[in-house]
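Consider the two complexes below, in which subunit A is the common component and subunit B and subunit C are the respective partners.
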Partner chain A sequence: MRVLVIVSLLLSLSACTQVKPWERGYLANPNMAWQPMPQKSALDNHIYFSKEASSGGGQAAGGGCGCN
Partner chain B sequence: MYQQYKLRETISFVKLYKIMKNKKTSALSALTMSAMAIPGMGTQQAKADVAPENSVFSYRYTNYQESQAPKERVFSGSIDRYNIQVHQFSLLAPIKEKYSIKTDLVLESLSGASPIRNEKLDDGSTRMYMSGATIDEQRVDLLVAPKRHFESGNLGGMLSISQENDYESTALGVDGALEIFNKHTTLNGSLSWSRDELSPTGGGPADGKTKDSFSFYEGLSQVIDKYRVFQAGFGYTRHSGYLTDPYKGFDLRPDERNQYTLTTAYRHYLNTPMLGAGSWHLDYRYYEDSWKIRSHTISTAWWKDTTIFGQSFTLAPSLRYYMQNSAYFYTLDSNPTDEFYSSDARLSSFGALTFGFDAKWKTEKATYTFGFAQYLSSEDWNLLEGESDETPGLVDFTTISLGVDYPFSF
Partner chain C sequence: MKKVLLLTIALILAPMTQAVSVGDKAPQFTLPKLEGSKKLSLKSYRGKVVYLDFWASWCGPCRQSLPMMNDIRNKLKKKGFEVLAVNLDEEPEAGRAFLKQFPVQYPVVSDVEGKTPEQYGLQGMPTSYLIDRKGKVQLVHVGFKKSDIGELEKKITQLLKKK
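Our next item is the complex of A and B:
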């Protein structure tokens, strides 16, 4: 049953608009990246991990530090 | 040509179906293992993930400066909080056609004082005990991440080591992405394990203690149309071992912490009458853990290419709002008697705003980057909670960054 639900969900996603490869110019714009500045994002995550109680989201946690 | 696309889409789906039909593998673990991925919120756009054509060397310097602790609330110690100089080095290089390797090196120098404990007085005010002598520490963090690129995704690994005067962390990870439905949908996942070892200055009960962490993330990215992409994911992290802060007084925390996150990200290429063309970013994260902390994070940014004095620039103002409630054992009692207790302001109820601005200057040979951020926090800014105890230990900080990205070929 779980398999059917997951497969149905994936099939429903294919119903979004079909974008041909030659139409992906806007999506390929570097400003559309999940993280247009990866070093900035990495440091921001590190700072917020050190100064707030929450962490994570977007990928597995990786290593830690004694930051306080 | 349309028939070829439909055939490839069907084949991708059949492959996935066969993986999931394997009775030795549950559907969830199949999605996790088969994920050849955009690594979490990685740098790739919503297109086929391929090995980079050129190598790229990146360097970024950041000055991080915290505001002074409020003098009238500091009972003892220094009011000068942290200043941190951060040097980030990154090298991304293709290896033949199907492999790439990323190496990140971070060098940090820290100086300044930090809060030791906080306590509530009879008049309702909170006083802080700050560390006395200014600490002076260095941290080195090295990460190596190789990746194998396939036609419909990728598979990667990660090894990282972080070392500072009193703390060492080693981590291993794997990640992957699988593109399906004619590369309109990407399933991505990652796993990581880490072992941390404490050796606090001055020794004490934490000396030699360890902390183990396991984490996984499972996400899905979807192309909506030629202007919009969307990503959603779920993450879980478990920490076990010595979780108490060795530099805090009256601090005793559980030896286990389970964390859960739900994240969404939205990117929309827009052409607006007032702002012109640009990319609108909207991200949201819900977090909760076994320490009874729940938080909401929402951030937005506008990334716009423009020309100034004939030069190509990208400008990106941003705004982030964060709020959390307190851990169940957070207390400002002078003599706590519960099983667990901590007056660490980071475990209190508060809200925070970050105002940011980033810019890129693109030249023929390199891209130069600039960044500024101002972080402000307050116990009165948690919109979902009522009044909170005064929390002078909350921090405000400013960051200023300069960097360069230099593509080259070996």
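Our next item is the complex of A and C:
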């Protein structure tokens, strides 16, 4: 009985709802992308990584020699 | 007390309706056409093999599926095949613009509120249901690739042969 009360209370607490597959129109808008310009961000990452001269500085792959 | 609790739980769980699957009767609906003010219902297509297609202008694979289904529909229309497309754009204007770019000859209705996909328990976009002449769902197809079209056409032709 007590478990039932707790479970029902917990279920009614959830404030988040799932975004249904057909409700993703606004999310599919290009303005909603993390990176509006993928090519530019790849270049930025590459330069950042090169200047930092260590691996893990950015997202670009490399050995950390600073030469790539 | 116990009754009230059970009722509460039942009400909380109620929206989690089951998705329509093969063998189920296709749920009925009546929706306004995307262009114009006429209304169409699924019921009026009983006796035909219907390809019920849920799509939206922002959905990538729909760019391929709509023109391809239009070809099949025009080819098999005389044998009793029809496509009924349900546009799920929250702004119907976007759907209309899409159809200008990719015109189709089959009927397109609009469901802005998304009640029909809720009723059908859509799992992804696009999803289509192949309904036989008796109104039973015979195929549920989620997503769309160009290579799917052969299999779909085969199934449609099979269903058209059944009376």
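Here is the rule we go by: the second predicted complex is superposed on the first by the 37 of 68 C-alpha atoms of A that agree within 3 Å, B and C clash if a C-alpha of one lies under 4 Å from a C-alpha of the other, contacts with A are read in each partner's own complex, and residues count from 1 in each chain.
Basically, contacts are C-beta pairs under 8 Å (C-beta built on N, C-alpha and C of every residue); 3 or more make two chains touch, one makes a residue touch a chain.
All of these numbers come straight from a predicted model, not from anything done at the bench.
In the superposition on chain A, A:Ala33 makes contact with subunit B only, not with subunit C.
More residues of subunit A lie in contact with B than with the other chain of the pair subunit B and subunit C. Of the residues of subunit A, those at positions 7, 11, 23-26, 28-29 touch subunit B in one of the two structures and subunit C in the other. Across the complex, subunit B meets subunit A through its residues 9, 13, 16-17, 20-21, 26-28, 31, 38-47, 58, 60, 62, 64, 86, 88, 90, 104, 114, 139, 141, 143, 158, 160-162, 164, 166-167, 169-171, 173, 175, 180-182, 184-185, 190-192, 194, 196, 198, 211, 213, 215-217, 219-220, 222-227, 229, 231, 233, 235, 237, 245, 247-248, 259, 261-263, 265, 267, 269, 278-279, 285, 287, 289, 291, 293, 295, 297, 303-305, 314, 316, 322, 324, 327, 346-347, 352, 358, 360, 369, 371, 373, 375, 395, 397, 399, 401, 403.
Residues 2-3, 6-7, 10-11, 13-14, 16-19, 23-44, 47-48, 51-66, 68 of subunit A are the ones touching subunit B in the complex. Interface residues of subunit A facing subunit C in the complex, by the touch rule stated above, are 1, 4-5, 7-8, 11-12, 20-26, 28-29. Those residues of subunit C that touch subunit A in the complex are listed here as 2, 5, 8-9, 12, 54, 56-59, 88-91, 94, 114, 117-118, 122-125, 127.
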